[in-house]
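Working notes for the structure below.
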Amino acid sequence: MNIGILLKEGPYNHQASDTAYKFAEAAIKKGHKVDAVFLYNDGVTNVTKHMDPPQDDRDIARRWNELGKEHGVEVLACIAASKRRGINDDVIIDGAEITGLGTLTDIAIRNDRLVTFGD
Amino acid sequence: MEDVKKIMHVMRRAPHGSIYTYEGLEMILIMAAYEQDLSVAFIGDGIYALKKDQDTEGIGIKGFAKTFMALDGYDVEKLYVDEESLEERGLTEEDLLVDVEVLTSGEIGRLMNEQDVIVPH
Amino acid sequence: MLHTINRSPFENNAMETCIRFLQPGDPLLFIEDGVYAVQGGNRFSDLLESTLKTNPVYVLQPDLAARGISAVVEGVERIGYDGFVDLVEDHQVNSWL
Amino acid sequence: MLHTINRSPFENNAMETCIRFLQPGDPLLFIEDGVYAVQGGNRFSDLLESTLKTNPVYVLQPDLAARGISAVVEGVERIGYDGFVDLVEDHQVNSWL
Amino acid sequence: MEDVKKIMHVMRRAPHGSIYTYEGLEMILIMAAYEQDLSVAFIGDGIYALKKDQDTEGIGIKGFAKTFMALDGYDVEKLYVDEESLEERGLTEEDLLVDVEVLTSGEIGRLMNEQDVIVPH
Amino acid sequence: MNIGILLKEGPYNHQASDTAYKFAEAAIKKGHKVDAVFLYNDGVTNVTKHMDPPQDDRDIARRWNELGKEHGVEVLACIAASKRRGINDDVIIDGAEITGLGTLTDIAIRNDRLVTFGD
């Protein structure tokens, strides 16, 4: 099965980002293809590279980066939502990309499922 | 028409207190160009997005109620409003900016089950 | 103590919870999506009317206008941001987020 | 159609709204703060029990454990993230945020 | 003691689903060093923060329930729990990690009115 | 009257930031002193300098910056909350400052009121 994920909340403040990650991880382990994680609303702040959580806490940006690199998951942030919130190419992690809502539409069309996480 | 997907956007938040409805509308306008089978369901506080006479000048936020009137021009014509949500809020179809189809929750629930994709806003 | 409520009562329990802790005479101010509570003829009108018997109730007019609400339950007073400041001058604040 | 609910029913109306639109037979999955709904003996137990007569109800066990809940209403099935994926394999998803 | 202010922190959110309770607790721990008259009220879903047996390993988030047990060592001893919130959730004092004072909403409301500052989390 | 403001949500996503600004503006106009706006939780993202909203929309970061400059309002972001969310000195606007929760305690103590805005 091919899966797209839509993530609508930022890191740490809401559990949505954690649940989306755990879901993606489980889907990949079961042999499904996670095609892309599309970040919308405050979700675009999941990929800011300056994130510096306490040492005993998870590093959410790095986790998305690794998921992308190791399993070919595209990590995409909506450009309009990003601009509003001060996210641009200078502040996002390697491997993430800023793109338009047309890309989300393609993801919704080409995958078997679109699963949304938010609050 | 193998490539046409049924995509329903579900609006459940009040406008202005949060951005979800507004950014949801931006998403709908982009998706409208892709010739999919789009619909929008207004449930709960989501129906407030269609309320007439919204004037956001005093709160310093750009209004967007009138953009819903433009959806027709983008061929987004399936706008469903939950009857019980209207009643509970003391509103009628007359209070809404655009022509909508008022349906029972059972009818909207059955339409939901026909969708390929549901996007909550 | 001034109590502020900024969430729609239809979506969130903030209004009902706040009213449970409210002391007689303390002012209640509805702002942001909280203003839907004071529109007449909805599911929360009874609760609001009984609160009005013991507490002054205010609503932020710019938030009402933004949401297209003109009719409000009788006895609810409309104020602007300057009226909000006046209430804060007279009371400590308890925000029910 | 798989319906997911991630908000506490005590704070937010997502569960009650979702159940109003739910078609018989469709699975319901409680995740995140939504899992408080399936703890036995609370204000929502009756609604949940009547839903269980027409729909399968699941709860994400890691979210239950994180919140210290062990007793759940009879008939609610505990699953992990892999069970969540299985449900998504069988159904389109409707997230009631 | 003109400089001592009565500051009440109000916890109304469930833990883990959002960060408010955790970051609220971090704030309380810092404020405790300033020798003010601190108290913490647990209302609604806020009482879940004190639930025994929380094990967050499966969701990959650091748990913090035990930090509430440390508040005593910071001289934060006024922990109030709303009785009705417990009952509504089918919980009793036995289900909570720490010793608290269970009060009626009227009692907590009167304590709120004595405060100089109320911080909602 | 001396007022401190605690702002717990980020820009655009929630109205909290707008209401806090309108309230501060009205208080200043009435002759009160707004001592500080302290940003907590997602509120720390109010002062990211790369914010780039549509031309016909308000610029929230610039608005806080101007309020600070013109009326002596300290605009402060909590350091722990900032680090988690990828906010540091490199990405915040001039005039804003990253500081600890002790500063918020001082603000709560030295002002007549602490007014909280959030969601």
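The first chain written gets the first letter, and so on, giving A, B, C, D, E and F; residue counts start at 1 in each chain.
Simple rule for what comes next: contacts are C-beta pairs under 8 Å (C-beta built on N, C-alpha and C of every residue); 3 or more make two chains touch, one makes a residue touch a chain.
The structure presented is a predicted model; accordingly, all values stated were derived computationally and were not measured.
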{"item": "Smallest count of steps, each to a touching chain, taking chain D to chain F", "value": "2"}
{"item": "Minimum number of chain-to-chain touching steps separating chain A from chain E", "value": "1"}
{"item": "Which of D-E and A-B has more C-beta contact pairs", "value": "D-E"}
{"item": "Same or different residue numbers at the chain A/chain F copy interface, by half rule", "value": "same"}
{"item": "Centroid spacing, where centroids are CA-atom means, of chain B and chain D in whole angstrom", "value": "26"}
{"item": "Chain B-chain E separation of Cα centroids, rounded to whole Å", "value": "39"}
{"item": "Geometric centre distance via CA averages, chain F-chain B, whole Å", "value": "33"}
{"item": "Touching two or more other chains - residue numbers and ranges from chain D", "value": "6-7, 10-11, 13, 32-33, 62, 80, 92-93, 95, 97"}
{"item": "Touching two or more other chains - residue numbers and ranges from chain B", "value": "12, 16-19, 44, 59, 61, 117-118, 120"}
{"item": "Sites on chain A at which at least two other chains make contact", "value": "8, 12-13, 15, 19, 22, 41, 54, 57, 80, 114, 116, 118-119"}
{"item": "Interchain contacts, given as pairs of chains that touch", "value": "A-B, A-D, A-E, A-F, B-C, B-D, B-F, C-D, C-E, C-F, D-E, E-F"}
{"item": "Contact footprint of chain E on chain D as seen in their complex", "value": "6-8, 10-11, 32-33, 36, 39-43, 45, 61-63, 65-70, 80"}
{"item": "Contact footprint of chain C on chain B as seen in their complex", "value": "12-18, 44-45, 48, 51-59, 61, 63, 65, 88-90"}
{"item": "Touch list for chain B against partner chain D, complex", "value": "10, 12, 43-44, 84, 105-106, 108-110, 112-113, 115-118, 120"}
{"item": "Residues of chain D that touch chain B when the two form their complex", "value": "1, 13, 17, 20-23, 26, 92-97"}
{"item": "Touching residues (chain side chain F, partner chain B) in the complex", "value": "12-15, 18-19, 21-22, 56-58, 119"}
